[in-house]
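Have a look at these structures, which come just after this line.
First subunit A sits with subunit B, and in the next complex the same chain sits with subunit C.
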Partner chain A sequence: MTIISIGRLLRAGNAGFVVGCRVTQLDAPIFGAMVQADLEQDYRIYGLVYDIHIDDDGLVRQLVIAEDVDENVIADNRFNRNVPLEISILAIGYCQNGRLSHLLPPRPPLSLDSIYLCDQEELCKFTNAGHFGYFRHILRAENLPIEELLAAHLQQAQLAHVRYGDPTWIERASQELITLLRDNYPLLMNLLGSLRDVMITA
Partner chain B sequence: MNEVDKLKNMNEKPEIGYLVGGGLRENLKVRLVVPSHQVQEGSFIVIESGDWQFYGLVTDLQLGATDPRFADEQSEARLPINLAALLHGQTLYTNLEVLPALMLERGPEVGSPEYAQWRESIDLGLKPEPSPIPVKTIPPHHALARLAEPGDVAEIFGKVEKVGNFIIGYTREQDHPVCINLEKFVQRSAGIFGATGTGKSFLARILLAGLIKFNRASVLVFDMHNEYAYDDTASDTGLRVIGLQSKFPQSIRVVGLGKGAKIRDKMPDFNLEISMSDIQPEDVELLSRELNLKETTPTTLEALVTLYGREKWFSAFKQMRNGAMVVGDDGKKYPAPDSVAAWANNVGVNVMAAEALHSKMGRLFGRAYVVEQPAVDTVSEIVKALDGGQHVVLSFGEHQKDLDYLLVSNLLTRRIREVWERRTNEFRTSREKEPRPLVIVVEEAHKLLNQEIANQTTFSTIAREMRKYYVTLLIIDQRPSQIYDEVMSQLGTRVSGWLGDEDDIGAVLSGLAGRDALRGMLARLQPKEEVLLLGWGVPMPLPIRSRRYEDQFWQELLGKSGEKLIRKSEADLLKEIGY
Partner chain C sequence: MVVDLLQVREQIKALGESAVVRHQRLKEMRELALMMLRNPALELERLQKKALLIMHNFDPNLRCALPVSVGGEFLSVGSSYPSPKFFPNATILAVDGSQIPPDRHAEVIFGMINLGAIELDTTSAEAPNVSINSRLFYDEELYTESGFITDSRLALIRDLSERQRLIELAVNAKYPLISLTDGPLELWGAREGDLGSDFNKSLELYIDILRKLFTLNVVVAGYVDKPGASLVVRLLEIALIEEGKIKDIKNYYPLRGLVDIDLFRPFLGPGERSTVFALQFKTASQYRDELALHFFYLNVGGINQPWLARIEIPAWVAKDNVMLDLLHAVLIHQCNIMGPRPYPYLLHRAHEAAVVSIQEKEQITQMISMELRNRGLAVGKISHKQSGKNLGGRTRYNGGKLLP
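Presenting the complex of A and B:
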């Protein structure tokens, strides 16, 4: 198992947290990826990447209006910038004393805690535990692109489940989402549109 | 699949849905979890709820959606098949509307200590043996519903093996035998209804064969079209139709109307002639519509009876000459002494009214079977045969006019009624010989029981009160709406084939609970071989595929061993060969 760090914690709450990282670390996290924060022995928080945000700083503001910016200057700005890239994470559950839960974590991670990408085995373990209870955290987050986030997550989870011998997971997950969203026609249809794209590309 | 698996499979009771709403008044709503084509309107449904089992009838199937937009949009065109199927499974559904009819206490789970306790309290007589009762409560939400098994049908409609239970047909989807209790059937008047060509006569033959075989009641059939006694040819298929007399030669007496009458080229056992002395003024009044009689008729008839008596009036009136005149000494014409006019003048009756009545009654005077003195007292012979446990089919032969049917059937029934009434009264006094129950079968019943004349016929009296006197009617008709409401409401068992007319449907369902739900069911029965069982004589309404009147029926009914009466289930057959 290769542990891939995606950065350290900038700020956090029970419902989610923000990770800061260098541009060099940006290859790893992708939209919809599942991450984990190992806080202490036997306490781990899980989350989904829902936003990767690159903030400007004073120098970038000046450079974007300059003519003929030198490649070395661009590289220097990217790799030695003062402002980190921000990765927003939605908390979706935790594991304590070996027990997985789809409830919100009782305590958030602390500043500068390292955050890692979950590997496929961990992803399968978490998404197979319980009965898709973590979907409610995603569906509650009204200011997020819920359907896109779910589609991205389902696509990645499906790949992991297929690899670990459970190709029907996606059907169970889709069924649960349809059940949860059957009274919300616009959102469900948007989600199904996204899932169609997932299935086409899978 | 091996046989053991097959048997196991048969013992499983797959659910078809679960209860989602409804009530006693508005029917129960069951969310279907199997494809809707597996359940039909009229399906017999069992809903299990703890210690109780509820029995009902599917009266409607309705498509629904959690949001109408899911139904409006053909999402299968937009989404992959599996995703569309998942979506439809969650958002589109079919609800069954189930008319709850009966409930039965099943007790705790068999084998549990609670069951033993429950059973013991019944065996000790502390609790009555559970039997189906009209539904008084409803099962809770999410109670599981399933299609009735043969055991459920037998629990409600009676076991095939039990004496007196007669298979009238089979459930439509699964072919489970459905019985009616003949003992109960003959306790009240019954009716077989259906538009023309729906198989009423065949069903009547089947029921009559069952009654004759059961032999707890005598049957008198007024066979207007000579169909029941001897072998006939079906009007639609051209195939030979076995007559009842062919199969029950010892117990059926065939009576032909009129001297020398032949029925289907065969000599009947008796010939029926009506004595003029038997015809009463009421018999003539009954024919008001047939003979186009006026309001003055009762007055004229009363005058005749006053002068000649109830036995002689008809003969005397027949002998009078209508319009006969003689020339008097003064050269003027006067009514002849034996003329109608002379009699009318003598008794102070309007001459024109009397002459008109005489003229109209000419049709009656001319009936060949109405004679001064019959050679044999056939009516007494009929009563004797019925009393002796035989059955009588009165075939009208060539006399198939409404006039003949109305006159003869009413007159004969009146005579029989008098005998049974007298015997019942004697039995109640002496407790010696209980009268044998009698079922009178009347075709084209609306002619005898319509609103205009129902009160004047013996039939309506029988339908209303003769149950007490051991006589009931089995009426066969295609226009039940024409039958007097009061008679319809008294019918115990009603067996109805397809009916198209709203009024007819309303009439068949009159006085029954849940008639609004059953209304559509009657209109949507298959035009042939499907009938709806209704009324007091059956535990709950149920549409069935009626038994076929063919060789197999006779083999099953008259087979040497009792076992042949039962159509064995696959499970029984497997058990017999050791599984």
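Presenting the complex of A and C:
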């Protein structure tokens, strides 16, 4: 298993947390990726990346309106300067004493805890446990692009399940989402549209 | 208490009325000064002799520009030189420093000098190297021969440390090497009284550092943004004074109010520099031969948006046209990076690396306090005066919630 660190924790709550990272680490996390925070032995928190954003500052604002920006100036701003780069994560479950749960984690991670990308095996293990209980957390997050987040997650999870010999996982996941959203027609339609794109690209 | 705005309003009205008259007076002075500056008949050799005579006999503190001669011929003081067209292939080194002066009202008394250095190879696309050197002043280090360390003494140490850092980095750098520092090249500090001996020692060290930079063949420059000096203006005042009245030079300021950039702004186009002048000041004799300080004005602004900086250089750069052109090209390129508010990018970055925030100062205070407590030592308390200043502002009652 290759452990890929995506950064360290900046701030957290039970429902989610924010990770800060260097630009050099930015190629690892992608929208919808599942990540984990190993807090202590036998306690791990899982989450989904729902936003990656880069803040500006006075110098960057000034540089963007200059006529030409040299390569070394771009590199300086990306690698040397303390430009905040934050990854927001939605908590979707945890694992304690070897038992996976799709409930919210009892305790959030702490400042500067390392956050890692889950590998495909871990992704399959978490998404196969229980009966898609973690979808609740995503569907409840009204301020997030729910359809896009679900689509990105399903796409990545499906790739992992196909690799580990379970190509029908996506059908079960889609069926569960249809059931959960049966009373929310607009969201269901948007989600189905997004899922169609997942099927095309998967 | 608040400011009495009614009183201030009256004064502002008076200010506005005199500003109109002042504006007209300055305009007339500028026209006269410009005419003199661009007059080919201005006898520069005679003017230089006159200025030196004044400095030796009547005003040893005379601070002004002096015309420069190359091969026995004086450079026209009203000339302008366009920006070189080549891309500057060089290493640029910028160093800046900041300091935390000791605060006797704080719970622990300490000082700090923080240096930020940045080194960029213009031929490479890689990120420049940034380094930070932090030095804490504590206990005995807070005292000098003349007593408790002053803000100006700390600033002097900071200036020297900046130049020392330049040498450390210059030794292993790729050449040609251009070093930039913010502000004048002349070492500043109190020269009188008890502080005088401190300053003289520092000046000796500084001269030694400059000599090493000369030996290393570094293109050294000090960048003065928005300069307010009247060095060339003072030279023109010397030209204006009648020979028989030069003993009264200390009270002779017919162009008072005019600054050098008022003179150069109208005729330096984008990227153009003025001619090089020698700098006459009280301790100029300490900066001998190749170390003698010179300067030129540089328009780093764009079309219809002139922005002038004064660039101070030592004689070894002033006399070498290749170095001068390289420096000129580097400064224009560096300033262009910053877009509409031109200033050398690397100097800005060195400053950014050097600056100590209030939060960082607070953190250092806590670290020192914790170290002392861990060793069973008592830590001082913040003064009551400071404590009073730290009190929060007035708050409003709002449904039981305190507004920030």
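In the analysis below, the second predicted complex is superposed on the first by the 202 of 202 C-alpha atoms of A that agree within 3 Å, B and C clash if a C-alpha of one lies under 4 Å from a C-alpha of the other, contacts with A are read in each partner's own complex, and residues count from 1 in each chain.
Definition applied: contacts are C-beta pairs under 8 Å (C-beta built on N, C-alpha and C of every residue); 3 or more make two chains touch, one makes a residue touch a chain.
None of the values given here were measured: they were computed from a predicted structure.
Trainee: So, on subunit A, is it clash or fit between subunit B and subunit C?
Mentor: fit
Trainee: So, does A:N72 touch the first partner subunit B, the second partner subunit C, both, or neither?
Mentor: second
Trainee: Applying the document's definition of touch, where does A:N80 land relative to subunit B and subunit C: first, second, both, or neither?
Mentor: The answer is second: A:N80 touches subunit C but not subunit B.
Trainee: Considering only the touch criterion stated at the top, classify A:T179 as touching first (subunit B), second (subunit C), both, or neither.
Mentor: Once the two structures are laid over each other on A, A:T179 reaches subunit B alone.
Trainee: Which partner chains sit in contact with A:L63 here, subunit B, subunit C, both or neither? Use first/second/both/neither.
Mentor: In the superposed model, A:L63 contacts subunit C only, not subunit B.
Trainee: May I ask you to decide whether A:E142 touches subunit B, subunit C, both, or neither, giving the answer as first, second, both or neither?
Mentor: A:E142: touches no partner chain.
Trainee: Does the superposition put A:R196 against subunit B (first), subunit C (second), both, or neither?
Mentor: Only subunit B; A:R196 stays clear of subunit C.
Trainee: Considering only C-alpha atoms, give the closest distance between subunit B and subunit C in the superposition, rounded to the nearest Å.
Mentor: Result, nearest C-alpha distance in the overlay: 45 Å.
Trainee: Return the residues of subunit A at which the contacts from subunit B and from subunit C coincide.
Mentor: Overlap of subunit B and subunit C footprints on subunit A: empty.
Trainee: Subunit A touches which residues of subunit B in the complex?
Mentor: Where subunit B meets subunit A, its residues are 66-67, 69-70, 75, 78-80, 82-83, 86-87, 89-91.
Trainee: Spell out the residues on subunit A that touch subunit B in their complex, using ranges where they run on.
Mentor: 171, 174-175, 178-179, 182-183, 185, 188-189, 192-193, 195-196, 199-200
Trainee: Give every residue of subunit A touching subunit C within the complex, in rising order.
Mentor: 59, 62-63, 65-73, 75-76, 78-81
Trainee: With touch defined as at the start, can you tell me which subunit C residues reach subunit A in the complex?
Mentor: Residue positions touching the partner: 120-122, 124-128, 130, 336-341, 345, 348-349, 352.
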